[in-house]
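Naming follows writing order (A, B, C and D), and every chain is counted from residue 1.
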Amino acid sequence: MADPMRIRAQAQGSGAVVRVLMSHEMETGQRKDAAGKTIPAWHITDVTASHNGKQVLAAEWGPAVAKNPFLQFNVKGAKAGDKIAVTWKDNKGDTRTDEVTVS
Amino acid sequence: MKKLNRKWLALGAVAVAVAAVGCASLAPLPSTAELDKTAQDLVKASFRGQGIAKVERVTDIDETLRLCNAADVAGKPLDAATAKRIEEANLKTVKWPADGKFLGDWKQGEQIAQSGRGQTWTDAANTVNGGNCYNCHQISKEEISFGTIGPSLYQYGKLRGVTDPSSAAAKPIVEYTWGKIWNAKAYNACSNMPRAGHMGNLTEQQIRHVMALLLDPQSPVNK
Amino acid sequence: MMTRTLVALAVAGLAAGLASAQSPKSTTQSIEEYRAMLADGNPAELFEAKGEDLWKHKRGPKNASLEQCDLGKGPGVVKGAFVELPRYFADTGKVQDLESRLVTCMERLQGLNGAEIAKTPFGRGEMANVTALATWIAAESRGLAFNLPQSAPQERVAYEVGKRLFFMRGGTHDFSCASCHGEEGKRIRLQDLPNLTKNPGDGVGFAAWPAYRVSNGQMWSMQLRLNDCYRQQRFPYPEFGSDALTALSTYLGVNAKGAKSAAPAIKR
Amino acid sequence: MKTTRRQTLQHSAAVAGLLASSGLFPQLAHAWTNAAFDAKTVAEALKAYGGGAPTESKDVTLTAPDIAENGAVVPMGVATTLPNVKHLLVLVEKNPAPLVAKFDVSDAVDANFLTRAKMGQSSDVYAVAITRDGKALFSKKEVKVTLGGCGG
């Protein structure tokens, strides 16, 4: 199973700033191994986020997103104590969801 | 674990011997000679050959490096006579171009200057070595990613008045530049600069190309 | 290999693109800006989290955690341990750095095979675990000043031997550590080179590693940092946890006295 | 905010269940837009999301460094103050496939996202807003990728 994300969600102004680090290779499919064989692409394709169970964000990513991806976004109206969950899915079908409480 | 333990114990063993002599809270350190010996023993025990990087690269270094290393540890530069002796010995190693041609193609010289490849334990024996030049020197104006360990070589030929590298007037600077690249220690005993020709890092032909990068009036370096 | 590909591509890019355009900002300012943008959101955090879990989790043939591991300040004391290593350990009779000490604990407390771990390539298996543990342990001392003990004779010998290693030219290019790290204000390409013969400042040099390497997306421990310096110096291969690396770390760590730790940092 | 790994693990199972039951997974299951990520030019990628010919706009903001110390990780931010924006895109013109990421804009989040991209070489980087009526508005900037370290 994939390693957990690190999510920080901080109330700021009228919403919350969410910063996410995901543990993922984000292999481009362009590189070759020592034997000259192409290393197949392996990357996150879809990212979603929810605020207290309601989806607030959907994104599509390609292999050009950097390894161990970073994502920052602002959720309107989120306040301390609210739940923010982030889910990613990759092109091999692996998926991971983690949740934090806004502080 | 056995093998490693024995190696690790080396540091402990010397120190324990010292402690037995000193027995106060701050025992005197072993003599410089003893510490030098301990360091050499540790180098032998700690490094292993890997790929093309044989262990002799640290266990069997030449007199030039040995004397310069000792001077650095002591914090005192080499005395003038020793420095001169080392420089003369290194100058003798310089191989001058057999056909008298000092300059090649500056475009290939630029590629060699850019490359930091070759001679590491992850390189193959047939890797084409780079010159590592930009790691330490500014050379052409276009490359903004350059190091500052060595002096800027931008306008190297122009600043030295080289308009025709094959002229008699240019001869001294052309020969010096060849010698400096072949064996930098011929002009400065403990120079930080590698001895590209002497140590076999660059071929004679590669050095011609780097020479052209620096001295050819057509090279961007001299524009 | 990632580096290779990207470097090759980058060279092509430089040849093609960089010839024109003088930027109004200096190169140094632009690079500073880039580094600042990366500082918030250091993937080293992912490894910190893994390391903390490994420390507290029961593992190995003895099904034990590392919570009784003595990193020099007594069993289980993590905070402040990082800025006092390498140091002398009576129970092994050796000066040890953080990583070799962790291997000792993994062997003695958890029953794992230390020699096997030492032979494992960086980034794999239990070696990746050692790196993650070191990352978390370093993070627990963030902001504390380096203050390596030098009272044991073994520690003072390690410093003196480390100094000799620091100034040891060798390999095919005559490089020593001092070739790049012996003076102030120098760079290799665009990267600043700290002067490691003295305290190079807070969070610089010895006080920055372990660090997340942007160029290859790997977490680099101090052992790997030194290992790859030696590779680039064209030296033979320094064994993981060897006395030479411990002595060199002692020299760097003692010189860094007073520098506040920024580890785990993020690096190019 | 600090979450230990264990807390996160405990949560994740519960959350996964929650998301599944709330019907969010079908959203995830929809096909990733191959045409956009396979596109070899910026214009083709925009077309895949219904965007027309792109026009420059000061209401779309791109945050990126002038120089990247390493092309493997280049911070990029995209934001807009325009109304009726459906998607925000980040693209690197000279990458083998320019599209890096697409974010859907909703009422629940600010139209402001920050991520990090790989760049194979120095290139123009684009931030593009695609509106509900199919307009593509962009801002761009050149990011130089440098060669660093010992290069060995």
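Structural remarks
Methods note: a residue touches a chain if its C-beta (ideal position, glycine included) is under 8 Å from a C-beta of that chain, and two chains touch if they have at least 3 such contacts.
In this text, all values refer to a predicted model and were calculated from it rather than measured experimentally.
Contact with chain C and chain D alike is made by A, B.
If each chain is reduced to the centroid of its CA atoms, chain A and chain B end up 46 Å from each other. Averaging C-alpha coordinates per chain places the centre of chain B 46 Å away from that of chain D.
With centres set at the average Cα position, the gap from chain A to chain C is 28 Å. Chain B and chain C have CA centres that are 25 Å apart.
Residue positions of chain C touching 2 or more other chains: 2, 11, 14, 18, 27, 49-50, 188-190, 217, 231-232. For chain D, residues that reach two or more other chains under the stated contact definition are 5, 67, 72-75, 116, 118, 144, 146-152. Counting partners per residue, chain B has 114, 116, 120, 132, 134-135, 144-145 as the residues that reach two or more other chains. Chain contacts here follow an irregular pattern that is not a line, a ring, a star or a complete set. Chain pairs that touch one another, listed by label: A-C, A-D, B-C, B-D, C-D. Residues 1-4, 7-12, 14-16, 18-19, 22, 25-27, 29-30, 35-36, 38-39, 42-43, 45-50, 53-55, 57-58, 61, 65, 68-69, 72-73, 114, 116, 119-122, 132, 134-136, 142-149, 185, 192, 194-195, 199-201 of chain B touch chain C in their complex. Within the complex formed with chain C, the residues of chain A that make contact are 3-4, 6, 19, 21, 23, 25-26, 30-34, 66-68, 70, 72.
Chain D meets chain C in the complex at residues 4-6, 63, 65-75, 94, 116, 118, 120-123, 142, 144-152. Within the complex formed with chain A, the chain C residues making contact are 1-2, 5, 40-41, 43, 45-46, 49-50, 212, 217. Residue ranges on chain B touching chain D, taken from their complex, read 114-118, 120, 123, 130, 132, 134-135, 144-145.
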